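Structures incoming, each one as structure tokens.
The same subunit A turns up in both complexes below, where it pairs with subunit B and then with subunit C.
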Partner chain A sequence: MSFRHLLRAEWTKLRSVNRWLLALAAAAVFTVAFSVLAASGGSTDRQPDVAVGPDGKPVADDFHFVHRALTGDGSIVVRVTDQQNSHPQAMAGVMIKNGVTRGASYASIAVTPAGSVRMMADFRDVEKHAGTAPRWLRLTRTGAHVATYDSTDGSTWREIGAVGLSALPATAEIGMYVSSPGEIRLERSAGSTSVGAESTTGRATFADVRIDGSAASSWTSDDLIQPGRAEKDGPPVGGTAGGAGTFTLTGTGDIGVNEPPDDTVQIGLFGTLAGLLVLVPLGVVFVTSEYRRGMIGTTFAAAPARVPVLAAKAVVMAGVTFTIGLAAALAAFFVTQPILRDHGFTPPMFPTPSLAEPRVLRAVIGAAVFLTLLTLLGLGAGAVMRRGAPAIATVITLTLVPMFVGSVVPAAAARTLMLITPAGGFAMQRAKPATDWLVEPWSMIGPWAGLAVLGTYAVVALTAGGWLMRRRDV
Partner chain B sequence: MNTSIEVRDLRKRYGTTTAVDGLSFTVAPGEVTGFVGPNGAGKSTTMRVILGLDAADAGHAHVGGRPYRALRRPLTEVGALLDAEAVHPGRRAKDHLLWMAHSNGIPARRVGAVLEQVGLASVARRRAGGFSLGMRQRLGIAAALLGDPPVLMFDEPVNGLDPEGIVWIRGLLRALAAEGRAILISSHLMGELEGTADHLVVIGRGRLVVDTTVSDLLAAASGGRVEVRTTRRAEAMTVLANAGGTVTLTDNDALTVTDLTGEEIAAALTRAGVPFSQLSPHRATLEEAYMELTRESVEFGVAEVHP
Partner chain C sequence: MNVVRAEWTKARTLSSTLWLLAGLVALTVGVGALAAGTLHVRDCAEPANCGEDFAKLSLSGLWLSQVVAAVLGVLALGNEYGTRMITVTVAAVPGRLRVLAGKAGVVLALVAIPAVPGVVAAFALARRIFAHSGFALPDAVTGASLRAAGGTVLYLGLIALLALGVTAVVRDTAGSLSVVLLLLYATPALTLVVSDPTWHERLQKYSPLTAGMAIQATTNLDAQPIGPWRGLGILAAWTAAGLIAGAVSFVVRDA
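Presenting the complex of A and B:
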């Protein structure tokens, strides 16, 4: 008797009970329908006048900038003598930028109170090294090539990094900048998460400022700030003081990728919650129906090696639920994205997701894997308990209760809950990075953590089921 | 006799209850072996251990010289019907047999063949949930025959069958035995095995009561008794008693005589001028033989309680 024979036998069992085929179809329909429902109920008030970076992604680009126009190649050298610790990620440094429009292409090097010398370009980190103020910083432009250096004495320079910026025009703004991100305050209570950001103001002093190359003679001072925020927070607090090569700048805001935590892919796959309510019982009953009617005796008489029998059941069930789950997840994805766009999830804040993006593809496949692993957990629980109702109740409770509890308890408790219960598996359906900013607790752990948690549950349940099957009388 | 069943010193406990207690017997090919005992005697437990479903606490049960769990394609070596209800009600008869066939690499055409053999070909596509108990028994028998095995085991196969079905199954069992198969068939009613079984294994409380052939058992139970019918009972009793017989009155005009042969009885009655209409050796039924066996064990039990 080969494993192939067992697979064929279990597949025949599965396909020959109409009610089970109906359940599989229902699981797919429920998944899509509930996803549509979730998408239709969604809305967003995320700022529409967000800045857009060179790659079309939403970015934050708020800081105080004192600059001169530089035509052609050239460089800037400064000595940051002092930086106030307004926020660990506050920046004080030099930058070359395509004008003062928010979202425009740039390259920069800065020190932070957290103790790093950080080179950025077009809203992403290029290089990071340890270091704090006081410190010399240098930025050199050669054609489209921008290189940055730091030094502790102004004579021995260390290269931090270099990038090519094709979008940088012949004449670009070069100068000093100060930024300081807002302090995030997060409150989670009874099903809602309220997030507030309190702005902070950074201050730094620049000395020995020198620009080489054909630069405009006079300095210009600008505050780059999000229009909506300007109204809320009052006028910009940026400012410049000093002269004769010494400047003190104050600035507020952050520079970097500013993706909202809301994940349209995740919202559009929420219907797996309805699908699992059908698939988990199916996984359980695929085992327990045999015990209920004594058919397990026939099965084990036909195949006395019991662990392979359970393995064959698991493989057949996994293949079927993954196929159904993937079809449902793809359908849900394609059906919900237009609905979500109609409900305000529009570019640039919410770029239209595409299956060609690895993280989107991962989330859609993750939804199928999530359903598959939960069904296998049900199958394992059925093998352990041998009775349908308690096994179904156990798995459904372990999955749904942490979902609800996790959305009302403090963040640390919610994260722990997601890391120790199958509910964490929902994280596999998230395309964006983990975040504490959403009410859905599974958003707090990454997709791989979710896979690890639920995968462990499924493997442990199946192993225990196989061990008990082999050990006990039928 | 590599294809028979061999049970040796088998012991099986469930918690504190001993279901089988040192049982030994064998089932030979070409014979129908009846496995008899009251409900709860340990018949089903023994069969479950033979099939490897329950593990023996001591001793062993081998099929074809090997433990069941060592069989590579068990359905082609042993066919068993333990519980006719053990079918998913939502599954068609043919699909129930089809998954079993697949599990042992048995060609799918055997499904149609065995359904034909048990008379279920016309309902092959119907769901088992709608079957009568008799139809489910036939489906279970079809499942046992699926792998064309040399050893067959049926637990109470007559249960739920109508008279026509009972006649059918007796014929089937005889035919299967005639093909050289070893057949073990359990029953709590000895009468059901009349005319079917060649060999008997009788158990009670998990222990062997008797292991014998049917003909030996019947001969022992008949005990050389002769039945005589006569309208002149009183005279006949006197004559036969004087001739050295032991006579009991069994009916209005019938006597049962022991200690005399038929020939001696005929001579004595003729000599005395007593007419008789019938003179026949008594044939015990299996039921009577079984009653005699169990009566002995009951008496034994009573004697133990009141010495």
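Presenting the complex of A and C:
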């Protein structure tokens, strides 16, 4: 039989069993219904009064700033003589900013203990080069144009980067700043998980401070800090000491895009968990039922080459589950997003996701691929074991139990668990980057890592199944 | 009595039964030992007990062994539907409730009898591992640890019976197993993404797995979502519902 005929034979087997068609429909319904359930239980306590950057995205904008008003063109030059290693990404540098409102437009250049000279503008990195304190830093404003330089001796300068900032008014604040992000503290132990941040305090000394241009004569010192944070973490720690060209600043907080790790797309696709509980058994029995009814003898008599038979089964099953999975994922996405908005997942902290964004589209397709690969893993396990119950129990246990175990064991163990079990495949449904901040363990690995893990399982199971089918009698 | 003997013979002569029972014991002991091995006194803030529940950790093999119990419960009846043996069974014993009761008794014994040495071995092995990791252990036999150990055996039995009841309704091995696994795993999985505290607590209180496994807690009981015996009671209610639905379906419908 040609492969095309094999495909048609397997397709006919699949569509002529009423129970299986019912299972396919149930998988889609369960996926959507369970997603709705997950979305309806959602709630968020992420700060509603978060700072909003010039592009409307939520940002962190917490640091200590010593500044003077500069009208028109001008520049600032400083020598960062030393910087405390409070956090690898702590910053000590110079900045020009549209006032001292959090989220306002700015451009900056700073050194970090991690060993980089980093230029930022409007909460995004512009350029990064290697270098640490002690180091000279210079920032020049010409109209809407801001350029930054660094130097090791104060005479030969290297340009780091340049940007145009249209939102910068004629009079802007120019000066020095120190920031230091919080340290993630994640405690997982048997039975409980808590995630929190411990604030760190950066300290740096600036010497030979010089401002050129028509600047105000006196320095002002400000702590930019999230409302409510001061009470939670104790009094603001920022401060300035010195004068006459030398300053020591202490500051806490971080500057940059501040998207919460909570992924509304993923919550809205969580129903695949219920879908897989139907599709995995279907993948298994698509093979094992032939063994139980002796049908496999007929199949092999008609098509003596056994590996193509398994391949045809896999192709038919993959096509059907991917189609069903994609339809269910799309439906789940569109149904759950309004529900999640009603439960407090609102802009600007949670911008409304759109299928036009590549990462959202990737997550929705990822959900369908996730279901497809798990079904194929079930099909392969069925071919290996030839018995339905143990194959179903093995695949589902391998997929679900690591989820629970991973949410209570220490973080490193949880990450390893996600990288060696099919449970890692859940990461394919995330639209946001990997994070250590969430309880669900699969958020610790990225979507491609999840695809690699689950894909490997499916390929190994199918290969082993094909090999055993060839070796065994029936 | 003949019914029980007949069911016992059927179960005994299936080659899969022995393998499953061996797996049940091996998973209970092995996973417990692995979990115990992840804990070392040098990682603890308070060396006395590390804030850990030693008994619960020793018995964490239940996460996997319960799947074996579910498979046993499903196969006890599902196999008969698969091979149509069921028609012979109900022809020989027309009182269908007696058939189901006989199966329930045999399944319960099959799971509970190897579970007892399994739980004892898991406890003993984990204690040696804890001692090796530098912990000074409290008494092995306390009211709470006996409750956790005995409760683990009861839990396994209740899961097997729940699986039997579901199979009497669904009448298909693969289908029944997916329904049981859905009941066990889907609701606790939801708690990972459901952040609303009220719903979170409800899910943990009333889903068969999280409620039932509360029986393993021996320390810090106030922080648990539900008390140990009440939790096992919730699981027992699920099992009773499953068995009643199964019995009704088994009696009313044609085989």
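Quick note on the criterion: the second predicted complex is superposed on the first by the 467 of 474 C-alpha atoms of A that agree within 3 Å, B and C clash if a C-alpha of one lies under 4 Å from a C-alpha of the other, contacts with A are read in each partner's own complex, and residues count from 1 in each chain.
Assume a contact is a pair of C-beta atoms (placed from the backbone, for glycine too) under 8 Å apart; a residue touches a chain by one contact, two chains touch by 3 or more.
Everything numeric in this text was worked out from a predicted model, so none of it was measured.
Participant: Thinking of the overlay built on chain A, is A:Gly297 touched by subunit B (first), by subunit C (second), by both, or by neither?
Facilitator: first
Participant: Per the contact definition in the header, classify A:Ala305: touching subunit B only (first), subunit C only (second), both, or neither.
Facilitator: Only subunit B; A:Ala305 stays clear of subunit C.
Participant: Could you say whether A:Met403 touches subunit B, subunit C, both of them, or neither, answering first, second, both or neither?
Facilitator: second
Participant: More residues of subunit A are touched by which partner: subunit B or subunit C?
Facilitator: Ranking subunit B and subunit C by residues of subunit A touched puts C first.
Participant: Identify the partner contact of A:Phe34: answer first if only subunit B is touched, second if only subunit C is, both if each is, neither if none is.
Facilitator: Only subunit C; A:Phe34 stays clear of subunit B.
Participant: Can A:Leu454 be said to touch subunit B (first), subunit C (second), both, or neither?
Facilitator: The answer is neither, since A:Leu454 touches no partner chain.
Participant: Using the superposition on chain A described above, determine whether A:Arg8 touches subunit B (first), subunit C (second), both, or neither.
Facilitator: First partner only, subunit B.
Participant: Just checking: does A:Val474 make contact with subunit B only, subunit C only, both, or neither of them? Give me first, second, both or neither.
Facilitator: In the superposition, A:Val474 touches subunit B alone.
Participant: Can A:Arg19 be said to touch subunit B (first), subunit C (second), both, or neither?
Facilitator: In the superposed model, A:Arg19 contacts both subunit B and subunit C.
Participant: From the superposed pair, tell me which subunit A residues show up as contacts to subunit B and also as contacts to subunit C.
Facilitator: The answer is residues 19 of subunit A.
Participant: Sort out for me which residues of subunit C touch subunit A in the complex.
Facilitator: For subunit C paired with subunit A, touching residues are 16, 35, 38, 51-53, 56-57, 60, 63-64, 67-68, 70-71, 74-75, 78, 82, 172-175, 177-178, 181-182, 185-186, 188-190, 192-197, 199-200, 203, 223.
Participant: Okay, in this complex, where on subunit B does subunit A touch?
Facilitator: Interface residues on the subunit B side: 48, 51-55, 68-69, 71-75, 78, 80, 82-83, 85-92, 95-96, 98-100, 102-105, 143.
Participant: What residues of subunit A sit close enough to touch subunit C in their complex?
Facilitator: Interface residues on the subunit A side: 19, 23, 34, 37-38, 40-44, 189-192, 266-267, 270, 273-274, 277-278, 280-282, 284-285, 288, 292, 343, 387-390, 392-393, 396-397, 400-401, 403-405, 407, 409-410, 413, 439-440.
Participant: Spell out the residues on subunit A that touch subunit B in their complex, using ranges where they run on.
Facilitator: 1-2, 5-6, 8-10, 12-13, 16-20, 289-290, 293-295, 297-305, 473-474
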